[in-house]
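Two complexes are shown next, each including chain A; its partner changes from chain B in the first to chain C in the second.
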Partner chain A sequence: MYVAVKGGERAIENAHAWLAEERRGDPSVAELTLDQIREQLKLAVNRVMAEGSLFDPDLAALAIKQARGDLIEAIFLIRAYRTTLPRFGMSLPVDTGAMACIRRISATFKDAPGGQVLGPTFDYTHRLLDFKLAADGVVPPAAEAPPRSAPMPRVSGFLDREGLIQDEPESDAVPPDLTRQPMELPGTRALRLQALTRGDEGFVLGMAYSTQRGYGRNHPFVGELRIGMVAVEMDIPELGFAIEIGEIEVTECETVNQFTGSKSEPPQFTRGYGLVMGQTERKAISMALVDRALRWKELGEDNVGAPAQDEEFVLYHSDNIQATGFLEHIKLPHYVDFQSELELVRKLRREASGAQAEAAE
Partner chain B sequence: MTDQAYNFAYLDEQTKRMIRRAILKGVAIPGYQVPFASREMPMPYGWGTGGVQVSAATLTPEDTFKVIDQGADDTTNAVSIRKFFERTAGVATTEETARATVIQTRHRIPEEPLTEEQVLVYQVPIPEPLRFLEPSEIETRKMHALEEYGLMHVKLYEDIARHGQIATSYAYPVKVEGRYVMDPSPIPKFDNPKMSDNPAIQLFGAGREQRIYALPPYTQVVSLDFEDHPFDPSKADAPCDLCGAEDSYLDEVIIDDAGGRMFVCSDTDYCRARRASGHVGAKGVAEDAA
Partner chain C sequence: MTARQGGADGTAPEADDAARKAWMSLLAKAPADRLQGLWDGLALAPQYSWLRQPEIGTTMVRGRMGGTGAAFNLGEMTVTRCSLRLEDGRVGHAYVQGRDAARACIAAQVDALMQGPERDTLEPALIRPLEEAQAAAADARATKAAATRVEFFTMVRGED
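Let's turn to the complex of A and B:
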């Protein structure tokens, strides 16, 4: 006889206990420490901070450990924690022009004031497995040079001075915050940039790549890519002036895009912009390409119907926490709906086979 | 546990206030989808975050809370949500429909009629009834504003032309007080008539899609149909094999390798109460003998 399924509560508890055991793995292997994750899996930590929208390398490391290395799960942990934090206020805009760069390259000029600085990059490494890392991993110290003191002005500024690049008007408007207000479309560029910077790296990369392959092509050059520390400043009402409350690492990418002009704009270079927390180069470049593609209306371009030009499509599908939750919810029981579908399909089949029998007569 | 670190029912008071304002607006405009600043909850989007936020904003310490998924109190996600509020709100919980003051549900409306003392909170995955006809939110909001529902009627008509009947068996669209076409959430169409003229407040929360909508008590809710193809709230043509109920929505359960099956009430509390009062179905056993 069928006994109604009971015991869901105990099954859940047991499943979670098993998960904890699996997370630890073989206990004869030393346990990972958060310091190790933070220091040695830094790019994973960066991605979790960027898409979790919370700059805290220690918490990100904890989330990665708790999520067993599943970065989307780790981002989810950070997001869920983040919503419970009180808001003290807003920082001033960070000045990326004054960034203490560990990397700064331009693909549009051979050299520029401040120079080309490669920094710690995978570029030009040969992707050969380094079996030495499997053995001891002792790293000889890298060569050192005195820190550069020369300023590194933004490359786009040089084009700006000549009037060759589309003007980016300054604004002191408070940007919308999609974590505190429901997303209403059509949105502003500030809203789009916020969605893109916390959007899924894979999604934003795929969208950017699609523009390069012809779905809304916009001929990008990396005008400048810079990675480094910026100061975060905040106005303190009691003091009446802004003070520095900390430093964060960010990656900024400005693309320079060919543009032959439109009904409303003269021929000039146009811009795409990416700014992402941490060293997250692929994401920042992708973001800049998608930003540029989404600017078609403002620049008087044609909408060629490319996915990357469709603000609603991009913004509603870029968030991996929303996407993964909804995707995975189909694991939940649906037997009520399935039952009603079963009955419908049976009924339709009965009628269809009845109709065939009639036709055969 | 650091549960004391969280506010009553998890959300901070400002957030609850924001959600309550959206609920009030929804109650004032029955069937209209109110945008709200949905928060990231500690459970995934698509797993009832909208319903959880509405429940969190609705619950008071005196409430008695019931959670069902597919009509059952002990499905895993219902257990998880119930435990969440036991931990964060410390409210009393129950499996008995009649004892609950707030009921959060996924995919069903309880069989037992609700009262004016109760609030029914639905979890909604896709709040927009026009979504699968028009993917753009900008467009569908316009269509609602202009009461432009021709597309939906064409879809239902095409169903009839192709299949001889409307081929929607759950999340069957309804019209509220002759104005807004509304998604009833993925309840089987069998449940649709229960929405209309219901004494309880019915609240709908869609977390991922950032929408709340509502039906105040005694609101007229009509399932869309045509005069010559009237709405038919169908269910499996069988009584419950455990309690013998003929009027409840049934789940079909496969019981052996030969494809043998039985039908049981999807509303587990309804089935339990009937069996407790002596009803026995074809494959059930009398309660005292069990």
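Let's turn to the complex of A and C:
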């Protein structure tokens, strides 16, 4: 238990002043600007937006600078700032089918209509350190080709037409919001998806990986992965119609999973779904795998006791701000608490040595 | 951008709504410096009073399961809104992405003015350049993406 302590104000102030100096680092090195962070550390910015659950690249860049590159600390700053803002409303669900894709790949259909577009990917790089980046390198412009205006239909749609994949019924039911109401379990899939999309990338990745290694195996294929801009529309009460209030970059992953059927469902493919703000592909794939693992009950699958099938375990441990808050508080003064533990251990030892002395007599 | 068949000449209100939706959507996404530059160049500076001063807040963005199914909450985005009334009574609203009060203020003025005769000035000098800039930015991304389009071949394994 934590009991409040007093004192130490001057030491705290001095510690924070030193923190500011350390944040700046060697003053003979140029200071990092927010524009540089936003433009050149974009994937860090994306992670902070996704897990901070607030799309605003400038704010995320500021948070990363303030946190000295500690992304969980930056996410904490974003979460804290978000709570100070009023919420104007809820958007209409974004139409990822109409996404302006910079990347779109399918691991299941090589001839997917609309084509496979690699986009700015690390895939197929050799993961060799590029020492040209250590020098001032001029980047040659990226190649261009005439864009096709042909639509990029969803890969799952092809399977759907044949009835080979589980249906995804459209619904405009108001989804639960874990930022407004405490999480109640067992939760709905909508609640799980919200928790996963803002969950810690490392945690969600680890859970997803565990399903691949056999803890609740569900045979995923990446049916489709797409990254691009989607428009965000919201109903404006004073107008009486919806307008686009902006556009955001998102990463969407839909897995196609083998499914041999169950008591309630015929043999068919099933789906796992990942949608994350920003270009955040590892997270989106992980989210899709964990989403699928958590659907065992509705699909009539066996619970094999795998961690990734345990909704309570996954949802209560995926949030890195909750986790870091509880974990890090144990380093704060616990003197009173510890004093009582100390007394207890001394007393037990006295009793034990007393009993030994008695036995020896 | 959708056709602007509606307007001050008293055509169907749905058409007016569609046109207004289009310009408000455009203004919501306009880059701050570009919008400011175009607006300053017009030197319209109408007199107005606030109905709602610029206010920064969020919108909860939703997605759909599988892209097409039931809705869920994805996360929030920052939005700035404001509303104002011109001296002649026209009301302008703005909901723009981000946290820029000045941008929202220009967007609301443009929204109000677009409902009257100034539309003839604004359309070619502000709306169209913004549309073109937005299309050019989308096109730049699309042309680079197109250059990374691949054809995968499945190798024949010769096992038969």
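Here, the second predicted complex is superposed on the first by the 352 of 361 C-alpha atoms of A that agree within 3 Å, B and C clash if a C-alpha of one lies under 4 Å from a C-alpha of the other, contacts with A are read in each partner's own complex, and residues count from 1 in each chain.
As a convention for this text, a residue touches a chain if its C-beta (ideal position, glycine included) is under 8 Å from a C-beta of that chain, and two chains touch if they have at least 3 such contacts.
Worth saying up front: this structure is predicted, and the values here are computed from it rather than measured.
Of the two partner chains placed around the shared chain by superposition, neither chain B nor chain C is touched by A:Ala98. In the superposition on chain A, A:Leu32 makes contact with neither chain B nor chain C.
Residue contacts after overlaying the shared chain place A:Arg82 against chain B and chain C alike.
Set against each other, chain B and chain C touch different numbers of residues in chain A, with C touching more. In the superposition on chain A, contact of A:Tyr335 is made with chain B only, not with chain C. In the superposition on chain A, A:Pro182 contacts chain B only, with no contact to chain C. Of the two partner chains placed around the shared chain by superposition, chain C is the only one that A:Glu170 touches, whereas chain B remains out of contact. Looking at the shared chain after the overlay, A:Arg148 reaches chain C, while chain B stays out of its contact range.
Residue overlap on chain A between its contacts with chain B in one complex and with chain C in the other: 82, 86, 179.
In the complex of the two chains, the chain A residues touching chain C come out as 49-50, 53-56, 58-59, 82, 85-94, 96-97, 100-103, 110, 115-120, 142-148, 154, 156, 168-179, 189-191, 193-194, 197-198, 229, 231-234, 236, 238-248, 250, 252, 254, 271, 273, 275, 277. Residues 6, 12, 35-42, 44-47, 49, 69-72, 74-80, 83, 106-108, 125, 136-138, 163-165, 167, 169-171, 186-190, 208, 210-211, 234-236, 241-242, 249-253, 255, 262, 264, 266, 268, 271, 283-285 of chain B are the ones that touch chain A when the two sit in their complex.
In the complex of the two chains, the chain C residues touching chain A come out as 17, 20-21, 24-25, 28-29, 55-79, 81, 83, 93, 95-99, 138-139, 141-154. For chain A in complex with chain B, the touching residues are 1-2, 4-9, 11-12, 76, 79-80, 82-84, 86, 179-186, 312, 316, 321-322, 324-329, 332-337, 339-344, 347-348, 351.
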